[in-house]
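Report on one structure; see the data block that follows.
Note that the chains take the letters A, B and C in the order they are written out, and that residue 1 is the start of every chain.
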Amino acid sequence: MIKFEEIKKSLFVSLWFMFLTFPIMVIHVNPIDKIVNWRWDNLLFVGCGSFILSFFWRYFINRKKSGLRQSSPVISPLSNIMARLRNDPKLFRTLIAVLAFIAVAFPFTFSTYQVTIMTTVLLYIMLGLGLNIVVGLAGLLDLGYVAFYAVGAYSYALLNYHFGLSFWIALPVGAILGAFFGILLGFPVLRLRGDYLAIVTLGFGEIIRLILENWNDFSFGPSGISNISRPSLFGIEFSLKSSSIFLYFIIIILVLLTIFVVNRLQHSRIGRAWVALREDEIACQAMGIDKVKTKLAAFALGATWAGMAGVIFAAKTTFINPASFTFHESALILSIVVLGGMGSIPGVILGALILILMPEYLRAFSDYRMLLFGAIMVLMMVFRPQGIISDVRRTYELDNKGASG
Amino acid sequence: MEYFVQLFLGGLTRGSIYALIALGYTMVYGIVELINFAHGEIYMIGAFTALIIASVLGLYGFSEISIIILASIIAIIYSSAYGYTVEKIAYKPLRHAPRLSPLISAIGMSIFLQNYVLLAQTSDFLPFPSLIPEFEFMNPYSHIFSSAELVIFCTTAVAMTLLTIIIKFTKVGIAMRATAQDRTMAMLSGVNVNKIISTTFVIGSSLAAVGGLLIASHIGQINFYIGFIVGIKAFTAAVLGGIGSIPGAVLGGFILGWTESFATGYISSDYEDVFAFALLVLILIFRPAGIMGKSRVQKV
Amino acid sequence: MNKILETINLTMDFGGLRAIDGLDLHVNEGEIVALIGPNGAGKTTFFNCITGISPPTKGEIFLTTRRKDRDKIDGLKPNYITKKGMARTFQNIRLFPNMTALENIMVGQHCRTSSRLIGAIFRNAFTVNEEKLVVENSFHILNRFGLGPYTNEYAKNLPYGAQKRLEIARAMATRPFLLLLDEPAAGLNNRETAELNVMIKSIRDEDKVSILLIEHDMKLVMSISDRIVVLNYGRKIADASPEDIKSDPAVITAYLGEEFVA
C-alpha cells in the first residue's frame, strides 16, 4: 500500500527533475538554421521516469538503512551460489569442466566475429583483474589505469615497427615497462592520501595520451601505428581466421594465469596486507606493515597486468592510436570492477561479461554505454558497494592443516 | 616586453577563471573531505544552459543586454540546482561509507553528466556568443588586454569578495567554517550540517557557473567535454594553493594561469594541458599540503 | 630496574596548542603503568607520538628491546616501531572490519614473517611452511583470548566486547615486549572488566610483556597498576604508586577542583 505522503514526495521529485532537465533535455537549438526544437516528449519521459524511480530509490535506501541496523548482510542469490560452489568441490570441478569445454569449443563453433568479441571480453577480464588488485584489494583508486595499457600497447607497436620484435618477446617487455612506469608514478604519489592518488593518476593518464598524440617523431601522433604483427607460433604465420582463434587461446591462457596469480596473492601474506591497508591504514601501519612498499607492490603489479594486456591489444587490432587510450577506457575498466565486486575474481569476470557483451549485442545500448557506466558507479556505491558477487574471505580450520575453501 | 605583459595578463585571466572553479573544489573539500569530480561537469552544464537560453531568447528577439542578464542568471540557478541534486544523490547516502565509495560515486557522476549532455544535446563544438561587449575605452590597449579579459578579471574579483564576506561575516559562513573544523561539534552546537553541506555545494556550483559563462564567452565554443579538463586544472589550482584554503585556491589559480600562459607562450602550445598536469604531480610530490595549506593531523 | 620505554622532554604542538609539554615518562620492564588524566590531558596524543603516528615536535623517545639495545625511535615510521616491539590498541576500535577474526590476527604477524610476492605466487616450501605456522599461531592466539568461536567471523560482526579483545589479541600477535592499551575497559560491563583485569595481568606474567594503559575506570586502574602517571594539560603532575596517587593533592585538584583538596 503506497501512502499519500509517498506519492507527494515522488511527485515533488518528478517536478524537480522536470525543472532540472528542462533546458538540456527539452530545448535543442539548431544554431545554423536558427530553429528551436522543443522536445516536449522528453519532459514527459523525465517526469514519469523520475516519479517511478524515486519510489525505488526510497525503497532501497530504507532497506539499506534497516539492513545496517540488523547487521545481517543481505545475501544475494548469486552469492549463495558462490558459497555453495566454494563448499562443494565436486560441483565446483564439474562447473570448471563445463566452462573449459565451452571455452575450447567456442572458436570452432562460432564465427570469427563472435570470437573477436569474446577475445575482447577476455582482454577486459584481464584488465579488470589487474585493476582489481589495485582498487579491489589494496583500495587505491587508480583512474589512469589506461596509461599503463597504452605503455604496453605502444611498446609492442614501436618495438615491432623499428626492430621487428615478435609478440612473444614484447609480452614480457610490455609487462616490465608497465611495472616500471607504475613504480615511477607510484613512488612519489603513494605517500599521499587516497583521493590525491585518484586525481594524479587521472592526470597521468591524460599526460601519457597527450604525449602520444603530440610527439609525432616518437609515436606517429594521432594517425597511430598500423600493420603490427599478429602473434606467430614458432615462426608459423596464420591466416586471419586461425590467427584470431590463436589469439583467443593466448588470451584464455593469460586470463587463467591472471586468475591463478591473483587467487594465490589474495590469501597470502602480501594479499592480506593489501586488504588490511584498504580497511584501515593507520591500524595497518600499527601492525608493522610498510604502507608505501605495500601500496607500491599492488600498484606496480596492477600496472604490469595493464602492460601485458596492452601488448595483446596491439597484437589483436594490429593498429593502435592514442584514441584507444582515453579516460573512457579507464572508466570502463573501473565500472567492470565496481559492478562485479571489488576484490572478487568471479565478480570481475561477470562484470566484464555484462559490460562488454551488453553494448555489443544490444545495439540500442551502445549509445548509452558511457551514461550507463557512470550510473552504475553511482548506484553500485550507493546501494551495493560490494558489487554483484561480493568478495568472501577465506575460512580456515585448524585440523586440516590450515586452509580450506 | 610587450609579449611578456600580454602573456602575464592572459595568465591572470585564465587564472581568475581557474580560481573561480577551484573555489568550489576547495569549499566542498573543506567541509566533506571529498573531491567532487562532478564539479567540472557542473560548470559545463552552466555553460550549456546559458548557451541554450541565450539562443532561444535571441530567436525570440530579446535585446542583447537582457539576453546576457537572463542567460547568466538562469545558468547560475541551474548550476546550483545541479550541484544540489548531485550532492543529494551521489554523496549524501555515502556520508559514512569508506573513503573509496564517494570517490567512485563522484567519478561516476562526472561520467554520467558528461554523457547526459552529449546524448541530449550534441557531441559537436557549439559556437558560444560573446556575452561581453567591446569597450571603447579599452581600444588603445586591446592588443594586450581585451575588454573580455577585463570583465573576467573584474567579475572574478567581485565574486571572490562576495564569497569572502559570506564566509567571514554571515551566519551561514560561520556555520560552514564550524562544520569544516569539526562536524560533530558543529552538529551538537545546533548547526544543521546537511543544510550547510547543501549550501556549500550550491555556492560552489554557482561560482562554477560564473566561471563557465566567462570562459565560454572568452573562448567562443563549448562541448560536453570542457568540464573534464578544466575540472582537473581547477583541482590542480586548489591543491596548489592548499586544498581547503580559500585564499589558497585563488593564489593557486593565478599560479596555474601564469604557468600555462608562459609555458605555452615560450615553449610550445601543443602541450598546454601537460604543463598543468605536470605541475599537479610535482606539487603533490614536493608540497602536498600546498602553498597556503596546513598539513592536517588525522584523528586517531 | 630496566627502563624499556623512556621519553625525555617530549613535546607536541598542534598549531598553537601544546598538547604535550616536556614530558619525561618511563616504563620499567615487567611493569603495568597506568596513564590517567582528565579529558584532553594529552594521553592519546602521547600514544600517537610514541608509536610514530604523529611524530613529536621536540624531545626524544627510547626503547630498550629484549636484546638490551637502546634505540632512539622518535621520527621513525609506525611500522618500524611496531617491529621493534611496541604494539598498541586504539581508543575507537580499529580492526579490519571486512576480514575475519583469524585474518586480523594473521595480519598482526605480518612484521614477524617474511614471505614475499614471488613466494606467494609460486608457493615455495618456505612460504607454505610459514603460512602454516601463521595459521596455527593465529588459532592459538584466538583461543587464548577466548575468541575461538569467532574464528571465521568478519570482525565487524563480532560483539563489542569481543572486538575489544580481538584488538588486544591482534596487537599481541605482533609479538611486542611493550603493549600500549588505549582505554581497554571503555564500554565493557563489570564482568568483562573483571576478565580484562585478569587478561592484562596474564599478558604481563605469562608473556612477559610490560603494559602502559590509558584508562578512566579507576577501580581497574587502582587494582592493576604498579604505578600511575597523571597528566594534565600535557604535563606530568604525578608519578607514584596507586596508594600515593589517591592522596596526591595535585591529582585531586586536577580532577575535582581545588576546593576538594583535604
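Following the convention adopted for this analysis, contacts are C-beta pairs under 8 Å (C-beta built on N, C-alpha and C of every residue); 3 or more make two chains touch, one makes a residue touch a chain.
Predicted model only: the values in this text are computed from it and were never measured.
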Chain located farthest away, centre of chain C as origin (C-alpha): B
Chain whose Cα mean lies nearest the overall Cα mean: A
Between chain B and chain A, distance of the C-alpha-averaged centres to the nearest whole Å: 30
Separation of mean Cα positions, chain C and chain A [Å, integer]: 41
CA centroid of chain B to CA centroid of chain C, Å: 46
Two or more partner chains touched - positions in chain A: 282
Residues of chain C engaged with two or more neighbouring chains: 53, 90, 94
Residues of chain B engaged with two or more neighbouring chains: 298, 300
Chain A partner contacts - residues on chain C that touch it in the complex: 51-53, 77-80, 82-83, 87-88, 90, 94-100, 102-103, 106-108, 110-113, 115-117, 119-121, 123, 127, 130-132, 134-136, 138-139, 151-152, 154, 157, 170-171, 174
List of chain B residues in touch with chain A within their complex: 34-35, 45, 48-49, 51-53, 55-56, 59, 74, 78, 81-82, 85, 89-90, 93-94, 97-105, 107-121, 126-127, 228-229, 232, 235-236, 239, 270-271, 273-274, 276-278, 280-281, 284-285, 288, 298, 300
Of chain A, residues touching chain C in the complex: 71, 261, 264-265, 268-273, 275-276, 279-280, 282-291, 297, 301, 391, 393, 395-396, 398, 401-403
Residues of chain A defined as touching chain B within the complex: 16, 19-21, 23-25, 27-29, 31, 34-36, 42, 61, 64, 135, 139, 141, 143, 188-189, 191-192, 194-196, 198-200, 202-204, 206-207, 210-211, 214, 278, 282, 327-328, 331, 334-335, 338, 367-368, 370-371, 373-378, 380-382, 385
